[in-house]
Each structure stands twice: as structure tokens, then as C-alpha cells.
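The same chain A turns up in both complexes below, where it pairs with chain B and then with chain C.
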Partner chain A sequence: MTTATECLLRMYEDHHRLEDYHSGVPRWCNGCGDNAILAAVQRLCRDNDLAPERTVFVYGIGCSSRFPHYMKTYGFHGIHGRALPIAEGVKMARPELQVFVNTGDGDCCSIGAAHWVHAVRYNMNLTMLLHDNHVYGLTKKQASPTSPLGMKSNTTPRGAYLEALNPLTVTLGVQNVSFVAQAVDWIPELLYDIIAAAYRHKGFSFVRIIQRCPEFLPKMFDPWLHDPNRTLLLAHERGLKIGAGTAKLYKNQRQHDPSNIHAAREIASLEDPIPVGILYWNPAVPCYEDVRHAGELHTPGQVRKGLEAELDKYTVWPDAEAGEARAQPA
Partner chain B sequence: MDQATLEKPAAGKKSISTLTEHIIEIVSDSGEGAQRCGQSLGGIAARSGNGVWTEEIIPAEIQPPARSVAGASGNRVRLGAKRITNGGDEADLVVAFNEQVLLGRVRAGELKPGCTILLESMWAEDRDPKVARSYAETRDRLAAEGYRVIEIPMERECRKLVADARRGKNMFVLGMLCDLYSLDMGLAREQIARAFGKKDQAIIDVNVRLLEAGRAWAQANLDFGFRIPAKRAREPQIVVNGNTAIALGVLASGMEICAMYPITPATSASHYLSEVFEKVGGMVHQAEDEIAACAFALGASYAGKCAVTITSGPGYSLKQEGIGLAVMAEVPMVVVNVQRGGPSTGQPTKSEQGDLLSVMFGSHGDAPKVVLAPSSIEDCFYAIITARKIAETFNMVVVVLSDANLATAQQPFARPQFSEDWLAPPVDQSAVPAGARPYDWDAATGLFRRFIPGQPGGMHTLTGLAHDRDSHVAYDAESNEEGIRHRSLKLAALQKTLRCPRVFGEPEGDLLVVGWGSTKGAIEEAVERLIGEGRRVSALHLEFIQPMPSGIGEILRRFDKVMTVEANWGDRLEDPVIDAENRRYTALAMLLRSRYLVDVDCWSDVRGRPIKPGSIVRAARAKLDGAPAPRE
Partner chain C sequence: MDIAPRLQEHVVFHLTGKRVGPGAEPVEGLHLRPALFARFGDLTRLRYDFPVVLVEPGADGEYARSLSEMLDAALKRIAPAGIAGERLRRNVLRQERQIRTLLREGAAGTLLELWDAAATPLASRGGEGAQEDLARARSALEADGRLLDCDGAMPAQLATHAWRTVHNAKTRRMRREIDALIVRLSDLVKADYLRSEAGRHAETLEAGFGGAHRALFDFQVMARLLAKPSGGSALSEARRRRIESALSALRAERFFAAEGAHAFLFEETRDAIAAYRKRLPEMAALVRAMTIADLEVQGRYVDAKHDALFEAWGADSLGPQDLARFPDYLVCRTSARARKGGAAARALLLKVLAGGAPIRIVVESGTLLEDSLAGEGGFSLGAQLATTAMGLNDVYVLQSAASNLYRARGQLLGAMQHPGTALINVYSGASTQAPAVGDPPPYLLAAAAHESRVFPAFCYDPGAGPDWAARFSLEHNSQPGADWPQHEFAWADGDLQRVTEKLQFTLADFAACDPRYARHFARVPREGWNDKMVTVADWLAQPSNGVPETVPCIPTLDAENRLHRLIVDEKLLHAARVCREAWRRLQELDSLKRARAAATQPAAAPAAAAPTAAQGPAPAAAAPAAAEPAAAERKAGNPYIETERCSSCNECTNLNSAMFAYNENKQAYIANPDAGTFRELVEAAESCQVAVIHPGKPRNPTEPELDELIKRAEPFQ
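After this line comes the complex of A and B, so read on.
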């Protein structure tokens, strides 16, 4: 076989179609933002020709975490709040795998909050999508940490008692943060561009996706849907490039250099208009798996050598003098 | 020994008594180096060919107040002519750096009546009259109670060599003990070179001078000494504590990732592993919490080789949800639980065997997992290798139950001969045959070959939800039952491969003492003594507790009476509200009763310290004689 034909064959083999990432028919509610995110992610996999066998999606528990069952890659549907540490273990064991984490506002910002903060610190090369619909859907409408003050739910029948937690400011407040972006499910082209930028970033990419829950909060985002000026697009040559079509509709734009963390924090604090785009990007932050994999390769020979050297330290030799000579560090 | 009195050090001809064994305690304030002294003594004796068991005496705080009864820190060293398997009964000789830490040991009942006490004498002239008075009163009272108290001017002698005697007294004491126990000074010097190996030669030299000064002082001033016959081992031996053995086992098992969160008394295993693991391509991840440590290990296991997480009881409680997920998704994982006193924060530095049932039955729902309990330092090493193998063969969680007693005790054992069979095979990256299903449970054994990310054609989503053979979420009755059934079958399949443990002593008799974990040495020593008294007593020690090997029920039935000895709580029949109907049995007794329908009694001690052979002897005698169980 010539090299050329081999290349052609390989091209054929490595080329994936959207269907290669489809698995089953999503069973989310009609109009659920999760459908838009799934579509964007499947498109991303196809466009980057991600080998399904070398791609792992890790999830916690919640509506968002039904996601893996609809992806034809490896998936790990874990336990509530713990998707991040599971994904970190996957990445540490197998840095060559492409690892994504899908989580929700309850999963990440409530029960898994400790892991979220530390995942930012570790800065492992993971793409994390926070499906933030401001409500617990799977357990049927309870307030979540991102529910706005006054929001009525089954656990807050007289309205939510607390100010909502802002996932962007929290993430931007953690040392070692390297990528923070925000998308909304109702602008699919930007949703795709933002997830693609997150995927390209080497480090922990945090993408908060504001999404609608037509079942429990059908009107929550109507004001933003009806008034494009209440969405603030962040554009920059190092960030998002806004296409002409989108720019025509969403005129409220701001040039924001994503390397400016102070500006990023200021923008992150905005609630109305909703900022959409890349708030912060620093490709220079080292990844934990790179820092930690600096040692030797794990081979039987290396294990033998290392173990024998350690045993030498603690060995009492039958012939003390010979033992001494052997046990002396070189 | 002489009628115990307060003795002044006397020069003169030494009388050397030959002993079969002796128990020595060295206690000081925290930070005065008694622990290093004890460990060095153990090391020298081991190299001489004595049987050795050393135990740490640990205060609960890092820096407890100086001169406090609760602050005693140091070592117990039991030396013998033969192999020593436990810390023994009360101490025969104590070296105390002040009278308060000594009192701590007296009050804990750790000293033999009339035993020899070598006491630092500097406090007699302390500037604080309260201290001087306390010293004199304690010294005189102990002498009056029959202890042989010998005052030693340790501080004064050390000050001749170093400005800060606090940092050097331990080596002076080591020299003294080398003289008292007729140990080889060449080995002692080597031991010091080894202990201070990372520091510069000047430090080693100072310590050797202190060692020699201690020996010279003892030679000149102490008119007694001991000799414990020693027999050099023919094979190389290693001397480590249980936690180091666990860490070495992790290294030898071929695991690559250990995820942990700091917790006493487990952490020293991870400390050591952090130091050495990277040299063989492994890594220790200190996670943000116990839950994350377990999830990290689980993720690593799922995507690669089986990983390990090391913890103690409170951490284990937090890991339960992750362990449940590993059981449900059938991902291999090794979990080490170095037990401490519980419940809740309990007694962090003290030993207990209180976690057996929560480990076996923990996690909601039916969550079968393998539980094995090493019973010696050597076992700690091999248990990890076995655990990793079982975990990967059966796609199960394997819990290794050690405890604070094994964690800090040292005992020489044959140097392991490394075998590549111990290692995990490389991660399978071959293509999955068309039509293969991720949970293709074998009907007889429940076993299946798991698909690992990277294997083409094996893409599936692992889930903690009930699932079918395709790993699809399945809420139907058949799929749920099929999954539960196969996960349970794996335990039985493993059980079929296990050998029944050997009975220690005669195969039948009047009483069988059953134990598990760190109590093995003490139980077997007690049984030996009882046999020596003409009693028909044997012992059985379980390493696999879940599953339990076949043949145990038969062994139990060959004895007239059966009693477990455990370090977890069992209600006592002498308590007025306790009767046969409401009595809560100790963990193993409960398991044996329910599985074998044998009337198994239990005797237990939850005082946080290793159970003494003498206590077991008394309990067994009472059981044989139908007398009430004795209490310490």
C-alpha cells in the first residue's frame, strides 16, 4: 500500500459524521436548553474529528447529566456533585483522552461547590459546561443557588430568600483560573463558538451556559429573548469574533480583551444585560496533570528498580557488613 | 530482681541476666526524640537477630504541654530471643525523661509491678520549686510502691557534649540501653548513620558521641545488664511499620495513582508514598476532601489501572457514596482504611476495630465488596498486592482494613522477592469485538471484561443508575434484579478460590478464640500460654472477612466454646440491662453467629491500645471456667 492510499484510507476512517456521536433520542422536555447544548457539542466533536473512543464525557446528576446517554463516546454518569473529581482522575490516568464535564447549577454550585473551586485551582485540561437553568428540574422545581431572589419554587413558595450565586465571579475569584466564558442557549452560533474556544484552550475551561427550563421556569428569560439589547456581546480579536448576521441582531457589543482579569470580573458582575462571550483567557497557567506527570514512566523495570531501592533502605542483611555496603546510598 | 527500692547508680561489677524477652518503654515530652530512640533500639536489636516488635506511644496533640501526664510520647520496644508478634503485656523497664510522662504510663497500667525505671534526675534541682517537689514526690511514691527507680543525670551528662541536651538525650539513652541489653555498638553507630543519613556528617558525629557517652555512663554506673540470645536471620529482613508496608505494597502492586486526603492515622502511608511514588511513575493526589479523593481514584481506575485511596474511619464514611458508585458501575478500586477509635472524630491516634460492619455493609442498597484485614506488618504489604489483583479480576471494590496498631508498629519480616506478576497488566486498548456488551455478565460467576476508554467499539456510558448489559439505564424489574444478582455472584466466585485459614493449635478442643486483623499476634501468644497451662484452646484468624472462605463453620463446631477477641464494642452481660436478647455482639461475633448458627461469644476491649496477650489469657480462662468475663 502506498503512503498516499494509506493517507486516503485514514482520512476516510478518521472522518466522523454527526451521527457518529448520536446515541438514542434525547428525552429532555421540548424546548429545553440541553438540546441546544447537545447539538453544539456533537457539532464540535464532528468538526474536530474527535475519536469517539478517546473522548470521555463525565457527568454528575441532574437534567444536564442525562447528556452522556445521548453521546456515542465513552461516558461516565457519576454521582451528584462529583463529576469534577471523577473527570480529574480520568484525565490524570489518561492525559491523552479528551475529557468533557457536563454539570448543572445544583450539581456544580451547590452539592459540588468544593470540587468546582478546586477544579479551577488544579487547572486540568478539561472542558466544563455548566448548564445553568436556575432551578432543580429532575427533582421537580426546587430553588438552586443561582435562582434569583424572590423566585418561587416548591421549596421557596414565598420566593427565594437569598441573592443568587454568580458562577462567573466565583470562578474568576479563584487563583489559577485560566478560561471563563458565558453563553446562552438561545444564540446557538455563539454557543458553538464559545464551546469551541473552550475546547481549544489547554487548561480548565469553564463555560456557563444560561439555559431555559420551559417546564418549570417558562418565562424566566423572556425579557432577554424579546430585547436583544439586554444581551451584551463580548468581542475581541483574541476572543469571540461576531459574525455579521449575529452582529446585526445583537447590537449591544463591547470590545473586551480576555487577558484583562479586572475587566473580566467587572463584566462578570453584570446581570442585566447578560454578557455573552469569553470573559477571561490565560493560556499560560500550567496544567496539574503536566506538573504531576513530570516523573518517571511507569514500567515493570522502573517499578522493580524503585521497589528494590526502597526495600534496601529497610533491609537487615544476614551479613551486616555486606549489607551495609549495599545499603549505602551511592 | 531485687526488692525494689530507690537506687542510686552504683559502680561495680555487672551482673548480666539472660532473658527470653523484655519490654522496654522510652517516654518523653513530644519532640524530645524518644520515638527515634525506641525505633533505633528496635532496629539495632533486629539487626542483631532478636525478635522485635515496636509500638509508638503517641499523644493526641502535636505539641502537648511539656511535662504532662497526657503528653507521653515515645516507644514500646519488645525484644525477644524468638520472633515477637505483638507488644506484649506490661513493660519491664522504662526510661522516662520526666516524672509526669512516667506517671502517664503508670496510670495507664502499662508498667509491670516492681519494674525498673530509669528516670532523668535534672528535675530534682529545678528552679521552679513546684517542679522539684512534684519530681521528688513521684520518685519517692513509685519507689515506695515497689518500683526500682534509678535516677540518671541525663541532662548533665549530655551537656558535657552538646549545648541543647533536649536534642541529644535520646541518643544518650540509646547508648545506655545498648549497654544494658548488651547490644553491638557497631550496629548502633550504623543505625545512627542511617537515621541521620540525610543530614551532614557533623550531626551524625555528635549523635555517635552521645551514644558512646550513654554507653560509657551505663557501664560505669549501672551494675546490672541483660542479654537476650539472638539468632541472625539467614535471609534478608525488612523492618518497617504497617503504613510504610502498605505504601510499599502500593508500589509493588503496579498501581499508579493514589488519591488521598490527610487523616490520622492513615496519612503516614501517603507521606511515604508521596516521597517515592513518582520514582516509579506513580503519583499521590491530595484531593480537596475525602469524597473527591475517592472520586478521583474511581475516575483513574475507570480510565486506566486500578487506583487506591487511603483513609481512616471518618474519611471512609465520606467515601461511602463513591464506593457505592464503584460497586454499581463495577469499576475496580482499592480502599485502605487504617481504623482508629470511633464513632465521629473518636480517638484519632488510638486503635480500634470498629469499622468492620460499616465497611462490609456501608453504602445504601446492596453493595457487595471484598474486605480483607492484614494481621501483621508483612500482611500489610501483601494485602495491597492481593487487593489490587482481586479488584481488577472481579471489577470490585476491595477494602483493606488495617488499624492504628499496625500502622505504627514495626516488626521485621522476610524481604519481599519482587515478581512482575504482582503488577497490573497494561491498560487494554484493543478493539472491542463487534456485538460485545459492556456488562456481559457470566451467568455463573458474574464476571465480565470491562471496556476502557481508548478501546475502539467499546463506547458506552457507565452509570450509577440501574442498567442492563448494554449499560443502558434500565428501570425494569428484570434488569435491576439481573444486575444485583451478578454483582453479588462475584463474591461467591471469589470465595470459591479462597483457602480456609489454618487453626492455630489443635483442630478441636474446649475453646476456639477467633480474631481478625491486628490482634493475631496477641491472640496466638495467649493461646500458646494457655496450651502451656494444659488448656485445650486453639485460635483461628480471618484475613478474608468478605467473602469468608469455606470450612469455617466446620472448624467452629469442633470446639465446645467459641469466643471472638476484638477491639470493637460488644455489650457485657454483667451490665444489669444487658441480656441474651438485647446484647449487641462485637462485629465478627455477629457475623459468625448469623452465618454459621453457632453460639459465638465475644470478649472485647475498646481502650484504644493494643490488646495484651495477658488480657486474652484471663478472658479465655474465664470463658473456659464459666466465670464472668474479666475487665481491665
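After this line comes the complex of A and C, so read on.
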């Protein structure tokens, strides 16, 4: 941007209000944690003055994936588990757009697991919010990969047979991981701070939001709701800064440097207390769209030149003598 | 062996410059050089900074490298240590000497060209393996470029190369930006065309198809189908015109174009300024086009707000940041041209320097010791252009003799990158008249001027900090703390015994390098040497009262390295005094840096202690303040919600949207405590997921089942 443009734009800036990002009344159940996430994301858009026409929410299938219907920005409702490849395509084609991905524990960790692993590797500048409510909610209570052992559901009437998958350790185990954080929907100020940090990070930001399902698992997180000491806050000057009010209530805190991946992996394995904060943050990992950027402009002339050069390699020149090379057209 | 009359002759010569006896002989034709330049007799046999290779800047940002450094780096990479690599090293060093000789004889070209020219005789003459050694070394050279020896043209060429490095980088950046804008605007125009009537016409659609499959489609039907959803062109007439005019302005610009760009190199300051003024409207038009393009591409152009702004756009709308993106101008004024221009040119120069336009001016000083206006035959140090320019405060000033220019290449690059005006004052040591055979090499004269403080190196960078301490630097002068640099000089006397003395390199030594000042010296024959002949530095140090009892002398060497002692006359000594004063003023400016450094050291410790003490009480004060209003609320028994902890789950707002409302952060608060019943408050508190609702005391005592409700509300108070 030229400096004159900057001045002009700043002069005529219209600031968006929270309501500018509202689009319809959410149809989630009362008490659903998705409401908290929606409020936090709308606040983020307002506080950073994100232009609605330059913001995209890409999502898959599930309760979580109702999210972008309630955001007045661009969105793309993809098929089950394929939110990430679509988001990556959007980012490659239009790198200047802000791309968010909303996915759930089924959409991401079950059917979309393959894309998830490679999205972490690609490290494209996206913000991914995993709405983890530990159940397939939209289809009315089936066990998901993150459901705890022994949880009874329609598909596991005798209780789930397998230990729950830990999305944090899986993400931290993939090469090129650059940002991993965990939030819980009942501490909204930290939820907002974590989502804001994820937005600011230039790279693939993975935020797992532990969310309550008041309809199918209403009591599951009661112990954590009633005992603040079962939540472990990760504070650090390079990570999350805890406000005075929150610190008074949630006294169980630990200083954790987000650049320490080994400590991050250790913390990620904790089930109880639940760690909340930024586990890992490495701003130096290159983004795929930057690495792939050839530095040349993709003009139609360039594309035509490239195609013609390739196809000319296979052209047969019938009037050339055997062994004689015919000059290629320039 | 009578000392006294001899001393008289010496003193007379010193005071008047006239040789009146056999004790003072002329020095013309002896090709003498100062004693401290003993090793500099033949520059081709010496390894020093020059010649310099002008390279394309790589990752390290270096735009010029000394040949000796490059060869040393190459040898370090390919030659094994110890005796095994000796042959290779010797051959490469011989090659280096040969290249220097070729340059001295007037050859020119790039490093590889001169390498090949030098290698042919060496390969045939040198022993076995010379050819393959040289080939190996050649392939180990990291870069290629034009080779510059330290001659009259070198400063201008080095400065031009530095300027070009900065210019190319700037042009590449801007070119990319402009191309990106052109592509996006063309896309807009094209998309609009495709949606318009003309674009959806059957013929246009057919023309857009490849050859083989046209027959498969009915383009009339296709055009009809497309007519319905398209809805016509998206661009209004005004917008289309604006985009097209911005596009044509961007395509036709001549500042960063690959071909047909404006020239930015000039030989005269007035030409550069005239060109700059003439192009200001063009620059304004380009910035306007780029700004409009930027706004259009982002879809943020609003006619009502922006039209008026762009109507009134002119050359005065350009800010300093806009100007900084355009290329700078370089003016190289040789000393011959400067002399022709005279006083008027110099006045224009100062005016331009004060003006602040982005111009870099390289001025070569020709004669350093000019004839003084006061009295016949005396010297003055000239108009001191660089020191005058420093007084203008915003000008980047670099003064350096050519011999030091390689060391000062970082500062030279800094001059090219400085956003305002820059003045580079160089002394090349080359003769301003046609070169003659007996002339000293320019490198020696320049080095002498540098060492003797006649042309000291200094740099004033206005961008380096807020005050003189940060901006001024004397770093490249030898022994900047002393009046003159002092070195040890060792020679063998008649009995072949080693004698050492400490010598200071003064203005008199500089004058001894140049045959033009020969008449100011008188040679004392060996028999006449006595202890009344002292060094110039000592002579200047002693108080001058009455008839002098000693005479100032300098030791010099001739072509066979024999020592001669020369008496220096009063005119040169007066000039040396003036030169020393000027140098001391510069030293004073430089000492501000040291004073600042000394002053800040002890103060740092107490300053660090103070903030931590201040931080302690503050957070403690904040927390109780936050707790107080909450405590007050609770005491009053009013219902309240801890709004910051609300998770926006809609439970309470769906229960009673008059009593519970969302604030601008979509977090709940009690909008109207009387808009609902106590029962609703308790139910909301019970269903609140994060238990942040506190029902308080019932406000309506007539509400039914109040006791039960109060008991239920207990855990939430």
C-alpha cells in the first residue's frame, strides 16, 4: 500500500460493530458452548476491524459447522471432513483473505483426520478452531474419537471401548507445527485471548476448544466447572497473560514457555487438570503459500507462455529431416 | 665542521624559502617520498585494498570487494594448509601481482578478463602445474565484476556502482508493486467486459473458444442463457473511466520502466535539479494513479469521499515517504569541471544541499593546498566544502580520500540510502592536469592526504541518531586520538647499525609526496646533519619566540631507498598549524561520543532500579480498586452478573430478554432487575453454565414461594 493510500483509508475508516457480523439467530441449544465461541469470534472480528468481504469461514459438517451461518462474512460449507483442503485452496488462490476453519471432533479427528495431519505440515496462514464436545451432536449422540472411555452412546450402548484420542498430542507430533493452544468455553476471557493470539500468528493456528454439550453430555464437565483448581492455566510473557480477575479465581497456574516443544508435549498429555493456554508457538516456521510463491505475477500471458513451452516439447515437426532439430518458436 | 653558519643557512631557508648556500640543496627531480612510505615504493609489489572488484550485491550486501581479500578467501577454500598448498599460493600471488602490473599499464576490464590476460604469460613462464593451479583458482573466485585501480576515475565509478545497487533494488520493488496493480486492474476491466453486453455476445463467446470444438456448441443459445443471471456490467461509467485512466498512467510511467526510463545520472548539479523539478508533476501523477489503483483493487474507492481529494491532487500532495520511493539522482563532479564552474557552481551546490531534494553529489577536490589569498606564496586549506555542508544539519556528508574509500564503502552505501541530500567529497590524488610520467601514484597522494589530516575521513549521518554524538564519526582515521599518526621508522646508518625513531606523518610529509611543492623544501647533505634539525611535530610543539634555534625537517627516501633529510619552509609549517587546528575541531566533535558514553554508564544502574520499585505498589493499588465496586454491589443485595466471565450461552437471555441483556461484547448483564421475578433470577442462576449470576435479595416481598427460592439462591450468593 502506498502511504497516501494509508492516510486516505485511515481517514475514511468505518468501524464495524459486533452486530455487523451477526447473521441470524443461532439455532444451537441453550447453553451450547458454540455460543461462547461465536461471541468470541465476533468480538475478534470487531476488535480487529476485519472487513466482512475479506473474511472467510470454511467449515465441514456438524453442530460446529453451523457456526458460519451465523457470521455475516463469506463462508464455504464443505462436505464432511473436507473443510481443511477447501480452506487451503481458498488461501492459495486468494492469499489476502482472512481464512478461518471451524470443525468439530468428528469432522476433524474422524473423517477429516488425513487432511488434518497435512494441514499442520503445510502451515498455511489459517486459524483452525476445533469445537471439541466429545460427541457427534448433530446426529444425536454417537461416540466420537474424543469421547472418553466408557461413555454410553447410541453406537456404544455398553460404553465406548477405546481411549479418547488427544488432538493436542497428535498436532504437536506433526512436523512444522507452529501454533497449538487449548481453550475451554466456560472461561470466555481466556477463550477470546487465545483465539486472538491464534489469529495474530502467521501460520497454521490450531486451537482446541473444549466445549460442553448441554443436550447429550450435560454433566460431563461439572467437576471442572465447580472446581477451578482442576483447570491449569499456562501463563508466560510470550504466551497468555492472565488478568487479575481470572487469576484470583483460577489459582492453579504454571509458567510455560511456548517455544519449548518438549514441555508442550508433556502438558498436552494432561487430562486432569485440563491445561488452558498456548502450548506451543513458533513464529519462524515458513508458510506454504510464501514458500510456493514464485515471485512472479500470474498474468494470463505468463500462463499461456508456460503452457505453450510445455506443449511444444511434445510437438512433432513433420518436415524436419531425421536428426535435424527445428527451432522452437520464441 | 662549523655548525653555526650551517644552521644560519638552514634557518634562512626555513624563514624565507631561499637557498643561500651549499647547506641547502634543491630537491627537484629526486623523486623523493616520505620515510614512512618506505614500503610503498612500488605499488604493484604490495598487497593492499586496491584494485577493487565491483560485484552485484549478494546475501551479505557487499557491492565491492578488494582483489586481495577475494584471492585470500579463494585460497583458504582450495589450498590445503602447510607445505602442500605452497605452490598454489605462490602462483596465485604471482598472478595477483601481474594483474596489478597490467592495471598500472592501463589495462581495463572485468576480473576474469584481466585474469585471463595475466595468466597467459605466467602459465608459460611459471613452473609445472602453474596452469592448472591458476585454473583451479579461477574457478574458485566467488564473483566477477569490473576491476578498479585507485586512479582518478575510481571514486566516481565506485560511487556510481554503489548508487546503482541501491537504485536497482528500489526499482525492482516498485516495478513488482506496479505490475501487481496493473494485473489486478486489468482483471477488473476484463471481468467487467465479460459480464457486459459485448462480452456475452455470441461472436465474442465463439471467439473465446479453441479451434477443435466450436461446432459442438450453439453460441446463440449460450448468449441467451448468460443474459439472464449476469445482470449487466458492474462498473459504473465514472468508475470504468477512472480505472482505465489509472491503468494507462501505470503502464506509461517512466521512473521504473525497464525501457525508456528517465535518466538519473548527471554530471552537473543544475541539470539534476532541473530534471527533478521538471519531473515533479509526473511523480505526482504516478502516485495518484497508484493510490487510485490501490483503492479500486480493494474495492474501497468511495466517489463521494475520494473524488474531491484526487481532483485537487498536485505536486504539493507528495509527502516525504512518497518521494522516498522514487529513484534518487546522482551527480558526479570531477575537479576539472568544478574549477571551470567556479564560485557560481559552488553556490548552487550549497543551495541544492540545503534544499533537501533526493540528490547525491560526489565532488572531487583537486588541489588541497590552495594558494592563500593573504600574502604571496602561502597556503590555505580551501573552502572546506564538507565541513560547511555539515552545518546544514540534514545533509549526509562523507569526506574521504580515495585510498580510504574502500574501507569507507559502508558509509558510501549509507550516503546512497539516505533519504535526503548527500554530499560525498573525495580526493583522488590524481593530477588535475594531464598526467605526467614522474607523477606520484594517486593512491600514495590520497593516502598521504588521509594520514596527514589534510583531508581527514569523516562521516556525518543525520539518520543515525538525534545528536552529534550519534551522527558524527571519525572512525577510519589512523590514531584518531592524536594530532598526527605516529609510527616507528627504522633505518640502517653508515655502520649498518639499526636506528629507530618515532615519526609523525604531518602535512609536510604530504607536501613532500607532490613534486609541485618541491621548492618549499631544501635538502641537507649528509655531512650537514646535526641535532638542531628536529621533526615537524616537535618543532610545532615548542613555543615560537624570537629567532628559531632549531629547524623543522622531514626524512625522505629516494628511489634507491637512501635517506635524505629535508628542511621545511615556514609557509608549509603555517599550513600545518592551520591543518592541525581544523583536525582538532573535528576531534572535539568526535569526543562528544565518548563523553556521552561515559555519562550514561553509571546512570544506567540507578535508572534500572527505579522502575521496578515503581511497579511494585501499582498492581496492588489496582486490585483493591477493582474489588471495591463489586463489594459495594454485593453489600447492597442487588442482583448482578460477573459479566467478564459470561460465556454467551443464551440461557438467561432466552429466559427473560428484558431482565438479562447482552452488552457490546455479547456478554450478559442485568439490564433491568425489576423486569422479571425473583424466581426467574434463581432459575437463571441455576441454569447458568458458568455460575456467574448472583440473584441477590428479592425485590418484591409479595412474590409467592419466596422462602424456597431464597434457599435455592443460597449457593449462588
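Keep in mind that, in the parts below, the second predicted complex is superposed on the first by the 289 of 330 C-alpha atoms of A that agree within 3 Å, B and C clash if a C-alpha of one lies under 4 Å from a C-alpha of the other, contacts with A are read in each partner's own complex, and residues count from 1 in each chain.
To be clear about the criterion, contacts are C-beta pairs under 8 Å (C-beta built on N, C-alpha and C of every residue); 3 or more make two chains touch, one makes a residue touch a chain.
These numbers were taken from a predicted model, which means no experiment stands behind them.
Engineer: Classify the contacts of A:Ile86 with the two partner chains as first (chain B alone), second (chain C alone), both, or neither.
Structural biologist: A:Ile86: touches chain B, not chain C.
Engineer: After lining up the shared chain so the two structures overlap, which partner does A:Gly78 touch, if you call chain B first and chain C second: first, second, both or neither?
Structural biologist: In the superposition, A:Gly78 contacts chain B only.
Engineer: More residues of chain A in touch with chain C or with chain B?
Structural biologist: Touching more of chain A: B.
Engineer: For A:Glu53, is the partner it touches chain B (first), chain C (second), both, or none of the two (neither)?
Structural biologist: both
Engineer: Between chain B and chain C, whom does A:Asn30 touch in the aligned arrangement: first, second, both, or neither?
Structural biologist: Once the two structures are laid over each other on A, A:Asn30 reaches chain C alone.
Engineer: Thinking of the overlay built on chain A, is A:Gly306 touched by chain B (first), by chain C (second), by both, or by neither?
Structural biologist: first
Engineer: Please work out whether A:Phe216 is in contact with chain B alone, chain C alone, both, or neither, and reply first, second, both or neither.
Structural biologist: After superposition on chain A, A:Phe216 lies in contact with neither partner.
Engineer: Can you give me the overlap between the chain B contact set and the chain C contact set on chain A?
Structural biologist: Shared contact residues on chain A (touching chain B in one complex, chain C in the other): 53, 295, 297-299.
Engineer: Contact residues on chain B for chain A in the complex?
Structural biologist: Residues 43, 46-47, 186-187, 190, 194, 197, 232-240, 244, 248, 251-252, 254, 256-257, 259, 276, 278-283, 285, 287-289, 291-293, 295-305, 307, 321-322, 324-325, 329, 412, 415-416, 418, 420, 423, 427, 451, 453-465, 472-473.
Engineer: Can you list the chain C residues touching chain A in their complex?
Structural biologist: Checking each residue of chain C against chain A gives 176, 179-180, 183, 287, 290-291, 294-295, 299-300, 302, 305-306, 309, 317, 319, 321-322, 325, 619, 622-623, 626, 644-651, 654, 664-667, 687, 689-691.
Engineer: State the interface residues of chain A toward chain B in the complex, per the touch definition above.
Structural biologist: The contact residues of chain A facing chain B are 23, 51-54, 56-58, 68-69, 71-79, 82, 84-94, 97, 114-115, 117-118, 292-300, 302-311, 314-318, 320, 323-324, 327, 329.
Engineer: Spell out the residues on chain A that touch chain C in their complex, using ranges where they run on.
Structural biologist: 1-5, 8-9, 12, 17-18, 26, 28, 30-33, 35-36, 38-39, 42-43, 53, 185-189, 191, 212, 214, 225-226, 244-245, 249, 295, 297-299
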